[in-house]
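Next come two complexes built around chain A: one with chain B, the other with chain C.
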Partner chain A sequence: MNESRPYRRPQPGNWWAKPPYRAYTARELSGVAVAIYGGVLFAGLVSLARGPENWAGYVGFLKSPTSLALHVLLLAAVVYHVITWFQTLPKTMPKLIVNGEAVPAKKITGLATLLAGATSLALVLVVLGVTR
Partner chain B sequence: MPDPAKRELRILRYQPGVDAAPAFGTFWVENAENLSVLEALQSIKDTLDGSLAFRWSCRMAVCGSCGMMINGAPKLACSTLLRDLPPGPVTVEPLNNFPIERDLVISVGGFVKKIESIYPYIIPKEPRTIAQGPYLQTPAQLAAYESFSDCINCMLCYAACPQFGENPDFIGPGAMALLQRYNGDSRDAGRQKRLDAIHGEDGVWSCTAVGICSEVCPKSVDPANAVNQNKTNSAFDFFLRFLRKE
Partner chain C sequence: MSGPARDNPRSISPIFWLLFGAGGMVSALFGPALILITGLLAPTGTGIPESFLSYDHALAFARNPIGKLVLLAVIALFFWHGAERLFLTLKDMKAGPSLVLKLGTYGVAAAVTLATIGLLLAIGF
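Our next item is the complex of A and B:
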């Protein structure tokens, strides 16, 4: 009998850059945008604690073209992250059984995305209403 | 000018003890309307090269033996028809992420060990005698785990999983689907034993929710769901163990 000499093929180091893994890589990278946006908000909190002058500087930065461009990019990445996050949601929860049948993943994603969109819109409206 | 009645297959060959590393070999097979990749391999073995090694059994996508990389994607050779593949040469390789034994045959020992490690059988809540009759289950209780029982152990999900590619000790999608098949069963009481087996880095926590395992599954088992809902179960179990009375 021949002895077994299995050959191991290493996984290419750039697997994440190739299909079908690109969508996953984009989803995970867009998570970095969420972290950067958290950093922007946190910087605001720090400048608020440091006093009115510091706060005015922060607001000045927010109004600058650089900040506006950054926010457009961040918003696009965060929206992409939200959409793909809810696409992943059905994979992370137990099967929803209603009337003895499993609820399809697309339905769960659709409802959750709608709910997130509606609450985000409500929040924007409340903030706009408060600041006027 | 290639013969239109023939189809080119580029097959990764490896003969242990002879070849230092695998290399592609090219074969031309007589094409036919309904020719599957498996049938093309069988015709090569019958007429061109009897030394070509590959696994197969049922020819109808229920045995899970003929999983291989076809044009770079993990597929069952029996249910992949040549006419559905883009024109030009078809590349056939052994499943990614597994050691190659010979040609298209990979080592399955590691996978079998993983299956064994998760207690792949019902551990009854209460022992019943035959006289007491069968364990009953409602349609909803069946629906909670039924899809996970459709797994045919073809290992396509492992070939699609980059985390298994990085860490061969990762329990992986297929074994987790089987784990959920039993943990989700209303007649079973082995949940704690199985959770204890998958808490570590080589358990569920190697998964980063890439999700391609579920896309390549020929039986729509959705192993990504099995892995990811057990991350939640594993986390809950970690925090609640302080409250549990042993």
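Our next item is the complex of A and C:
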């Protein structure tokens, strides 16, 4: 018989729903929202390949309150993804040295988030301008 | 010295990591704009004309080689990004056997990627 009984710290099954892990779970699931939006686009591509009638059904879905509500939620989740993505960026990239000094993590996060805001805004403005 | 890379020199996890990172970056830079345009502004006709969502317009975009590349990159990378995050989260939650979790996340991303390539080719040039 094995006499060794290593201590295992008890951990409730829903640890991921409690602080401080809740923030981690929320961050990871915001990445799943990105995939759900990918799924919305994929559904559109399937409809497009099937022909005009199928496409009309897809556009009908996009105009439905369900879809608009879904996209508001997705937008909120993806904005959260943007913020947390750039909070983790300084930890995943090599140390950035400018003039012999490491750039502080907060500065990298701030600048990258600003850049992301600018690229998204630029894309919206370009589409609004082109389709005018 | 030991570590995952040394113990398993042929691990393919760096590929998943690369796809996850690419999807995370593309969605961080353009995700909010894409959702705003295709999900909210265009369907409600806010600042974007009705023709934006017409069949001819969408077909022309999907037939354009650059349009095809954009669609493939966005759909596939977004799925690979979600797959990586969902897999690791479910693994931490001990939600099921590793193989089942992999099939349900990476498997779905791989299937969607192949289907997207197939659809883009079927739509033609």
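Please note the rule applied: the second predicted complex is superposed on the first by the 123 of 132 C-alpha atoms of A that agree within 3 Å, B and C clash if a C-alpha of one lies under 4 Å from a C-alpha of the other, contacts with A are read in each partner's own complex, and residues count from 1 in each chain.
As a convention for this text, a residue touches a chain if its C-beta (ideal position, glycine included) is under 8 Å from a C-beta of that chain, and two chains touch if they have at least 3 such contacts.
Source: prediction; values computed, not measured.
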First, second, both or neither for A:Gly100, with chain B first and chain C second: first
Partner chain in contact with A:Leu41 - chain B first, chain C second, else both or neither: second
Partner chain in contact with A:Trp16 - chain B first, chain C second, else both or neither: both
Touching partner for A:Pro90 - first (chain B), second (chain C), both, neither: first
Which of chain B and chain C A:Leu29 touches, first, second, both or neither: second
Which of chain B and chain C A:Ala69 touches, first, second, both or neither: neither
First, second, both or neither for A:Arg8, with chain B first and chain C second: first
Contacts of A:Val78 with chain B and chain C, given as first, second, both or neither: second
Between chain B and chain C, more extensive residue contact with chain A: C
Overlapping contact positions on chain A, where the chain C interface meets the chain B interface: 16, 28, 92
Contact set on chain B toward chain A in their complex: 14, 16-17, 21-22, 73, 96-97, 99-101, 107, 138-140, 143-144, 147, 160, 162, 165-166, 184, 208-212, 214-215, 222, 224-225, 228-229, 231-232
Contact footprint of chain A on chain C as seen in their complex: 21, 23-25, 27-44, 47-49, 51-53, 55, 58-59, 62, 71, 74-79, 81-86, 88-89, 92-93, 109, 112, 115-116, 119-120, 122-123
Contact footprint of chain B on chain A as seen in their complex: 2-9, 11, 15-16, 20-21, 24, 28, 88, 90-95, 97, 99-102
Chain C-touching residues of chain A, taken from the complex the two chains share: 16, 25, 28-29, 31-42, 44-46, 48-49, 52, 55-56, 59, 62-63, 67-68, 70-72, 74-75, 78-79, 81-82, 85-86, 92, 115-116, 119-124, 127-128, 131-132
